[in-house]
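Each chain carries a letter (A, B, C, D and E) given by its place in the written order, and its residues are counted from 1.
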Amino acid sequence: MFTLPVSKLNDLFAAVASTRKLYLPVDDEASGHAEYKVWHEGVTLSNALNTARSAKDFFFPQTENLVDFKMEGKTIEVIDTRTESEDFVVFGVRACDARSFDILDRVFLAEPVDSYYKNRREHGVIVTLACTRPEETCFCTVFGIDPTNPAGDVSGWIAGENLYLSANTEKGEAFLSSVSKLLAESDDEAVKAQQAEVKEILKKLPLGSLDLTPFKPENLLKLFDSKRWKDLSEACLGCGSCTFVCPTCQCYDIRDFDTGHGIKRYRCWDSCMYSDFTRMAHGNPRLTQVERFRQRFMHKLVYYPSNNEGIYSCVGCGRCLAKCPISMNIAKVIKALGEEA
Amino acid sequence: MQKIGVFVCHCGTNIAATVDVKAVAEALKGEPGVVFSTDYQYMCSEAGQNLIKNSIKEYGLTGVVVCSCSPRMHEQTFRKAAQSAGINPYMVEIANIREQCSWIHKDIWSATEKAIILGKAAVAKVQLNAPLTAGESPVVKRALVIGGGIAGIQTALDIAEAGFEVDIVEKQPTIGGKMTQIDKTFPTLDCAACILTPKMVDCAQNEKIKIYSYSEVADVKGFVGNFTVKIKKKARYVDEDKCTGCGICTEKCPVKNVPNEFNMGMDNRRAIYIPFAQAVPKVATIDANYCNMLKNGKCGVCSKFCTVGAIDYKQQDTIVEEKYGAIVVATGFNPIKLDDFDEFAYSQSKDVITSLEFERLTNAAGPTSGTLLRPSDGKHPHTIVFVQCVGSRDTSGCGKTYCSKICCMYTAKHAMLTREKYPDTDVYVFYIDVRTPGKNFDEFYRRAVEEYGVHYIKGMVGKVVPRSDGTLMVQASDLLSNEQLHINADLVVLAAAIEPDKSARSLATMLTASMDTNDFFTEAHPKLRPVESPTAGIFLSGVCQGPKDIPETVSQASAAAAKVIGLLAKDKLTCNPCVAQANELMCNGCSSCEKVCPYGAITYSDKEFRMPDRTTAIRRVASVNEAVCQGCGACTVACPSGAMDLKGFSNSQIMAEVDAICK
Amino acid sequence: MQSEMIKRAKELLASGEVARVVGWKAGEFDYDITPGVFTTAEELDSAFLYNDLCEANLSKYMIAQSRKEGKTLVFLKPCDTYSFSQLLKEHRILRENVYVIGVPCDGKVDVDTVKATGLTGICSMTSDGETVTVKTLYGDSTMSKADAMSERCINCKSKKHVVYDELLGEEGDVVADNHRFDMVEKIEAMTPDERFEFWRNELSRCIRCNACRNVCPACSCEKCVFDNEQSGAFNKGASDSFEENMFHIIRAFHVAGRCTDCGECSRVCPQNIPLHLLNRKFIKDINELYGEYQAGENADERAPLNTFTTEDVEPSIVYERGGKQ
Amino acid sequence: MDLETLIPKVGVVTDIRIDTPDVKTFRVVGLDGNKLFEHMPGQCAMLSIPGVGEAMFSITSSPTNKEFMEFSIKKCGCLTSWLHMMEPGQQITVRGPYGNAFPVETALKGKDLLFIAGGIGLAPLRSVINYVRDKRDQYGDIQVIYGSRSKADLVDYQEIINEWMADPGVEVNLTIDREEEGWDGHVGFVPNFVKELSPDLNKTVLLCGPPIMIKFTLAGLKELGFTETQVYTTMELRMKCGVGKCGRCNIGDKYVCKDGPVFRFDELDELPNEY
Amino acid sequence: MQVKETNEFKPKIVAFCCNWCSYAGADLAGTNRLQYPADVKIIRVPCSCRVNPMFILRAFQRGADGVILCGCHPGDCHYTTGNYYTRRRMTLLFSMLDYLGIEKERTRVEWVSAAEGAKFAATMNDFVATVTKLGENKRLEDLRCKAK
């Protein structure tokens, strides 16, 4: 484990930024939120627990160009516009978001590999930061995530006046060695102490005791047919805010845009909550908001785990709890369906 | 994907001198959908048109772009050519490379570049054109005239003359309107009744004309060529068919104290009455507000005396429904109420009267049998003051801002006639301006001043004060001499402003015809379509459209009739196919489009929709009456969802043009 | 108030007058209240809630609810009644199927406003009308209710119910001297560059989640132009700064003259974009150029964009007045 | 850069056959004149005209055809309308193959096969039919029951008449919904026709057609004594990526584009009824 | 055709003209050989009230540097009321664009009658000059459409 006084954080950021782009949570005055922004001199790390948008944007951005076409007469030219991603470092990722990358990996890196995602994933180094002041909306522990011991290429803690860093992967090792001049070797006493302290707070989290046991593949049809979906979804506006702030939601749309000089085929986030998500010329298998609402939670809690060794596609970051316009969320769904089961 | 042919016209050298037409034809070859592109000396010539026709056949073209002069010039020509070659005329688009390109640019390079872009925009538009078919709607060969004054009478007579049936709806018991109350007409001074009553009789006798007197329009549905109108025939308690108009009932009726509106309330009539001797139809009417029998069931005198048994106390209002192809509005006017003009003491003194009252006082059929006598004491007035512009050209808020147009002339007439009949009277006319812009009008006015010695004073009357001796003290200012005047008058005559009849507003709503802020009906175009309402099939006759004197009214009435005849002469109306169209699946039923439609072409109905989940839902959706819509497109922008689109100028077509131009 | 509302709701349900009740449902914490539909007395007893934290405007739900079998009872706050009335005017709600009970509101406590003061881990939050007591994982604190209210409530435009079948509590008045245009004026006073900078900074955060649109009572289109591939305005991912501008300009334009300024768009925006400032600009312009107009207030008045006068100002007014150069 | 499945190849439409008033069959090869890629019967490909749209279509030619691929496409939306307006020589983009295939090399091997199709539903089955015809010795009896609205709506009619019917090992039963002039074959709906024909219970069924036809045919088959494990079908849902990532086409935990489109009916029974 | 190389900024101007007045006015300008820059391209619409704000934004997206809308003079609309609606809609739209810091001079409404060929030409000359001075549209552009 390595350490660096918090007062020297700026030097660390400067050293990293001298070789590649460094992103970190920064307080945004206009929104009052923390957002990931590129570090440059004068930018300071946010104290907020987490960013309003998740960290998935780094690997799965809101929109990205897939391929260009040039059309002339009857001919089509396919132009592969992909370029090798720049190296970058994301500093200050929380444990929940760090877990979300594993969940996204299982989708995008499964065969056939999504090269756009992979490209960025390979060029990004994730430096996490342990949580010290969880919020009432946090329930990552329910999914077996330890917010005091976040994953990532490098795990980080800010305890007292010091930052502690510990590499978990080769990429992480390389990262630490690239800034080794600034770092000193250290024991993990301070980290352990902090972990113990935070764990006491974690015990008090109001959503820490959500029970996931009913959500298993063998209950698929039973959960699907639950009577509760109707009243849970009744007020749902069918907007996409939960899916767009969610670090694990990965549905996307592919669209063509005619620039006047050619066609740009791009992909953008899509939401299973949207009424036209599955609409076809001759019908729609998910006609009402009940089905769409059900799909989102069934996917997170049943379908995804059924295909991925029981891993839930939710990390308990609490963003959707904070952002849903009508305050309906996965915690309420877990409770409601759990009661029924 | 269309198969488009592009035809670039040289227009001799008009285009070819500044636009490299061959380069344009060549450049457009590469556009999506273009399968043939060529240039030619004169596209509009027969040879040029044949080139288009032959190419349509040879290449199986589905769309045509002609790069030539303005579409205002030859769009019709090329559309017809395309049609004769078997494709829909609306699959033709014109790129205007003459008026909007070759004629305004000198530099060949930039003119050619622009011509190519305009051509591309036209190609992009044609790509999205759809064949359009002009709809047809049948025409009911019958017209309705609302209002039976001189305007309505003239219109009805002219229409009937052309052989079409026409109905007049008049809310009074007789037709004739305001003109019946007038004594003589300017500038010829012929008797109003002498020229009007024969026309009234003509109406009654004309087989093609049907008069609904004492009736009102209750409801109007439909559109040009095909209106359905409900007419409410008010109960007159007299069987029109039986009544011979003998008048015995009006003499025997015991209720004698009913103010006679024909004489402006200056004498009385009975509860059963015939408005005046020449009334058409000459049928008695019972005034239910006064009739003892109708009020408390005690009397029945008229019924006893009626030899033909025409009296029917049980008569009810009835509704008649008729179909019409055209409707003429001829609702006329009324003098404004003068209650707000305290300074003239109109409500305080009987001897302050309006000009229309003055007309009655000088009319042989009037309350004084034509002798000019003061209403208060029946004495002959020696000093008469006429005040013009009472409530006209008034920006103070109590009157009307517009000029009532007729007052200058009738006041001159009154002044002149007074001086002629009673040379011993002093006549003063107070005016702001004297406006006499008609044939022989100014001569008429000058005669009043020069031959008859009427005292015309430029200035306004400040106050009229009734005095204890029965005279009226008129305080006024002479603006020319800048003096304050005090005139001791026996009679003051106020030239009250005229305003549209109160019934016009509700009628306009029924007709979806637009009105201005003064409640005058708006014409479709002030210069080009002055007798038509913007709402197709609605025509305007007389003062309902704006203040007019009799000659003007009659000419407008005939003009409206001519328009109506033109419409009724058609068996079918061809509609403009470039009209709005509502996509019912996207329509919210919010009524925004309906609110901005100047023609009332949009209606709403609740329709049942089959939902994807096989349930049905009832939704309110808009639909456009293609016969009424004129295709302005106001509704398409008012519609937030884009459910309303305009055929021939659709959102996607215009955006395709935008894209092509900005590329 | 809450118990009174429950009592009336139960009565109306029991009498068969209404088939369901639309109100607010309690959540996990005090502040995460969900709009809910109640059909039985038991449901009302267990979850129905009305307090200083019930922010959601329930009027838009009535579009769908009023098309269900039987009448629906809905509780509307004063500002919600404006949205409701506007929807009625646009024939989106079947009035005969709705029973409206107006309920008083003297400003709602907004959790984001409370969080913005720096409080985190809020597990409970209660208001007694004067003071808000906040319990967090890290200690308790209190604040005055005024400090806990969002801008839209501080600048409340009206405490009057414009439509109802029944009113609980006292009827309030239109708040004439509100300061809701202050921020618009501030922006207008900026230079064009500053304004551009300001809005770019705000709108670039948009994630096009459609929360603003879907919550907006004025945005009730059967099919939104932005979702319609054929409309020419199809726009899904905010792929370019243009699309961010386009979406918000056109959305504001489409609701211009119809927006009642309920403020739901800004409340629900996950990115805290002050979207109401766009709508308020239109409202302010309309008030200044065409006379005071409050959407939803008067059922018969024509919407300012659906009418005109021949004396209207010319578009060139924009060059002549407006903000700094 | 890695190979990216979302980036399509360019295909040239070399031949367009008009099958029915609203179905055309498009022959597609690569720019080099060769087949774009190999596939198995039942698999699909994403066809697109950039700027217009992209959609999944079943490959209707048999893998045994080494020269080209064919797609029979019914005109129903924006993209398909464009495809129908194309002329030979037009280029389109193609990516795939996607999804699973009918288990021609495993479960179906050596079996007596009964193909039941309605309307455009013949398209995915045609690939299998021609595949097993080309490998005739590896399969048992082949029976095709095919129906459509009218004679003109029978897809691949010429091929059915000229090749399948001429093939001694293939029994073809055609039906149309309503009587019409010039048709002396069977008249009636497919589900009833199947019941009338009462095929052998040892046959494995490959069923494809409109949802309502599938529903009644399946019921009919069960009445006759067939079990769900004997019947295969192919599904169609909205797809964007084709590789199980965009999140659209799932039925429960199965993605139609990846785990399907071919399902055996007993598999579908375990999934939510959301298709 | 020879391609002329030029470095000076040539703005792209879209002019929406109503069929009855302004388009005829533009024709008249042509008939009278009144010059205005070729940068102006006219789109014919039945009435100025047909112009949806979306068209204007679309033009900017696709690379227009200025958009001008021409209609009949208020009171003279062929459809009686169309341009009154245009006037309100565009006033509000332009005000909103200005509010967003987008150069208001890039948008304009002018009333040009069928008789005002000279006014049409003068208006276009003036508008082109104004937009040329402003330079390229940067604030309401879509970068995807700009890249060649």
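Just so it is clear, contacts are C-beta pairs under 8 Å (C-beta built on N, C-alpha and C of every residue); 3 or more make two chains touch, one makes a residue touch a chain.
A quick map from chain label to UniProt name: E = Hydrogenase iron-sulfur subunit.
Keep in mind that this is a model prediction, so the values were computed, not measured.
Each step here moves to a touching chain, and the least such steps from chain B to chain E number 1. By count of C-beta pairs in contact, A-D exceeds the other of the chain pairs A-D and B-C.
Chain centres here are means of the Cα atoms, and by that rule the chain farthest away from chain D is B.
In whole angstrom, the spacing between the mean C-alpha positions of chain B and chain D is 66.
A straight line joining the Cα centres of chain B and chain C is 45 Å long.
Between chain A and chain E the centroid-to-centroid distance comes to 46 Å (mean Cα coordinates, whole Å).
Once the centre of each chain is set as its mean CA position, chain A and chain C turn out to be 30 Å apart. Residues of chain E in contact with two or more other chains: 53-54, 58, 62-63, 75, 81, 85, 89, 142, 144-145. In chain D, no position touches at least two other chains. Residue positions of chain B touching 2 or more other chains, listed in rising order: 596, 638, 651, 655, 659, 662-663.
Interface residues of chain A, counted against chain B in their complex, comprise 71-73, 258, 260-261, 283-284, 287-288. Only residues 1-10, 50-54, 76-77, 87, 89-93, 237-238, 240-241, 243-253, 270, 272, 274-275 of chain D touch chain A when the two sit together in their complex. Those residues of chain E lying in contact with chain A across their complex are 62-63, 142, 144-145, 147-148. Here chain B touches chain E in the complex through residues 20, 23, 27, 70-72, 96, 98-101, 103-107, 109-114, 117-118, 121, 514, 522, 524-526, 534, 578, 596, 598, 630-634, 636-638, 646, 649, 651, 654-655, 657-659, 661-663, going by the rule given at the top. Remark: chain E residues 53-54, 57-58, 60-61, 74-75, 81, 84-85, 87-105, 108-109, 139-144 touch chain C in the complex.
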